[in-house]
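Chains: A, B, C and D, in written order; residue numbering restarts at 1 for each.
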Amino acid sequence: MIKYNAIAGRNLDRLAALSDGVFAFAMTLLVLDLHVPEAVPIHGERDLLRALGALAPRLVPYLMSFLTLGIFWVGQQTQFSYFARGNRHLAWIHLAFLFALTLMPFSTAFLATFITYRTALVVYWLNILLLGLGLYASWAYAVHARLLTAEASPDVSRAMFRRIRLAQLLYACGAALCAFNTYVSIGFIVLLQLNYALAPRIRFLYRL
Amino acid sequence: MIKYNAIAGRNLDRLAALSDGVFAFAMTLLVLDLHVPEAVPIHGERDLLRALGALAPRLVPYLMSFLTLGIFWVGQQTQFSYFARGNRHLAWIHLAFLFALTLMPFSTAFLATFITYRTALVVYWLNILLLGLGLYASWAYAVHARLLTAEASPDVSRAMFRRIRLAQLLYACGAALCAFNTYVSIGFIVLLQLNYALAPRIRFLYRL
Amino acid sequence: MIKYNAIAGRNLDRLAALSDGVFAFAMTLLVLDLHVPEAVPIHGERDLLRALGALAPRLVPYLMSFLTLGIFWVGQQTQFSYFARGNRHLAWIHLAFLFALTLMPFSTAFLATFITYRTALVVYWLNILLLGLGLYASWAYAVHARLLTAEASPDVSRAMFRRIRLAQLLYACGAALCAFNTYVSIGFIVLLQLNYALAPRIRFLYRL
Amino acid sequence: MIKYNAIAGRNLDRLAALSDGVFAFAMTLLVLDLHVPEAVPIHGERDLLRALGALAPRLVPYLMSFLTLGIFWVGQQTQFSYFARGNRHLAWIHLAFLFALTLMPFSTAFLATFITYRTALVVYWLNILLLGLGLYASWAYAVHARLLTAEASPDVSRAMFRRIRLAQLLYACGAALCAFNTYVSIGFIVLLQLNYALAPRIRFLYRL
């Protein structure tokens, strides 16, 4: 007798398409929270510039979250390029990962509104941690269930694990810096993410 | 003379892409209803933690709906992996299924707002029922119209039907539990869905 | 010298993907306008049922618009299945078609809010007309610029044109019925669309 | 030792899918800001027509932004048709481009609300400039890193660069016209974009 679970959820292309959809909406939604100032109290160019200037600090958490989403999108697609086939367990690991993703616009708006509160920063960090755990579980399961292509040598596998572990360690350090001040935390995390985005050819940084 | 209906809507890839888009959007929208607390009445970390705690129970219906969407997404893609070709009737069955999907964010927010009301729970269950009927009709029609690949043996077909029938029976039982209390219903449904998501290798549960 | 316009916008797969994205969002957005009733004035199951009943008539325009989007989605993909290649002009015709699509959630909410007003119905009809003109222009241009596959026989071509012309004629009749009453118009259009969706094997109806 | 950065982000199909998602969402969101008039002060068809008429000028910035998004979507896909392979740097250049895209609904709503303000127009122009810089950087990097197919002759490359440079020069001129009046600027930019969308076979215009 064939079990539904044995035949379900094996299509990697659809998993990738669903993921791209969720990433795309989450990315676009982030900035949606940036509201245009009210027209009523604006009486001249100077007022408008000032209102725009007042919005600027809110841009920082959005930029940070866009970087987060970009980093995890690159991470997920990198794993996919080594998957030979999928199964229902892998699909559900990625659905859990996507659930954590859909929380990102909330965490971001929460942090943007309460930017001086440690609670908001810890919530944001927990969201990043969940994303990291998702990708870690995905790769660990794919190795264990032999879903990888031949190109996924042990060396590749080590590079995957190392990257996630090191990045999460650094994010945790960044979050811990909120003991001093949430701005220090945010600054650290943004710099870390810019390093991941730009990947400058500086030995020490490139290795992170 | 060629009839438009005979040549229309036969592309399965586009049907899959449209579906992934609707699923991705619906999944992201669910959490969008989770509003960041107002900044005004928050005067310290403790206030913020309390406000966050007050949000937590609202997370349950969202998690439940994300699981629902995940389960039906896996279900739909599993069917697609056995479709050899499409036609306009199959396309419209899936469009009806997608219509039921787009109602999910409404049903979820409705249940989250009126979580102690049986009416809200029954509306939510009706939405799940519609989704189940959609997938059932899709498979039944595909069998009838010979749209399946050779791999879709009678055994596969039975597994598909059995899964939908059994799952819908269990959802109906879950909904009926609201005669006692809506929380009992929700608890039952969430546990059922976690079972479908995790598919633990426990004989009795794996068979459901 | 190579002109940018000669090499731009020739990828049909990306045009299809963009279209599926816009269709998927527009479909999901339709129902987003369906607001959950306020919790404050609800004191029991009966109140909630009544509030739900009050929402029901608003569902009709949404269902109608979902059918509209479904019909035009099927129409567009049917054309795509006969396109051998694309070019920038075809891409821009479809971008104009997508612009008309993005107006659909507005037209729908407008009609739902002012359902007894002829102005609202005419605006809605103009939106359908724009969509029809878009698909008509697309096919006419593809024929003219020889972008079609060999399977697109003159017979296929006639079926395409006939369908759009006849459907638009019937939509126009439906809209004209608002001279009597907007509900008559809406009823006529919904029945017409259900006929297109279900395509019953009744000779007279199947030919429409 | 394999570096994560060397194996990350090389899938062009997923980059295209993510981009199509962001484009589709941004396109649909633009019009979302067009609110249906309040039902309360409307007492007859004439009131409704007047309310609709009052909305019309707001349509101009949305149309302009849809054209902007369409132009840059065509531009991006044209580049993709010459990419033989991707890497993490290219992926991040396009992620930065997508970030600029997600700002478009904000810039558009900002301009629609403060249409007579130069500040709003300059913000809008900066957004277009960012998009142009993104595509310019993408092509320049792809040339430099030898990611192009054999079909991407030096002639093709020149056509790409020339188009972006000329278009950005003209957008800058359009923005500069706000020294006179923001409406002149908007009129100029819309005409320029219509020229790009329609690509009329008039020698002088076709060359732009």
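Definition applied: a residue touches a chain if its C-beta (ideal position, glycine included) is under 8 Å from a C-beta of that chain, and two chains touch if they have at least 3 such contacts.
Computed from a predicted structure; not experimentally measured.
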Chain whose mean Cα position lies farthest from chain C: A
Homomeric contact chain A-chain B: same or different residue positions, threshold half: different
Gap in Å, rounded to a whole number, between the CA centres of chain B and chain A: 25
Intercentroid distance (Cα basis), chain C paired with chain A, Å: 36
Touching two or more other chains - residue numbers and ranges from chain B: 17, 20-21, 24-25
Residues of chain C touching chain B in the complex: 16-17, 20-21, 23-25, 27-28, 30-32, 34, 36-37, 39, 42, 45, 48-49, 52, 63, 66, 70, 73-75, 77-78, 80-81, 153, 155-156, 158-160, 162-163, 197-199, 206-207
Footprint of chain B on chain A - complex, ascending: 1-5, 7-11, 14, 17-18, 20-22, 24-26, 29, 88-89, 91-92, 95, 98-99, 102-103, 105-106, 109-110, 113-114, 117-120, 123
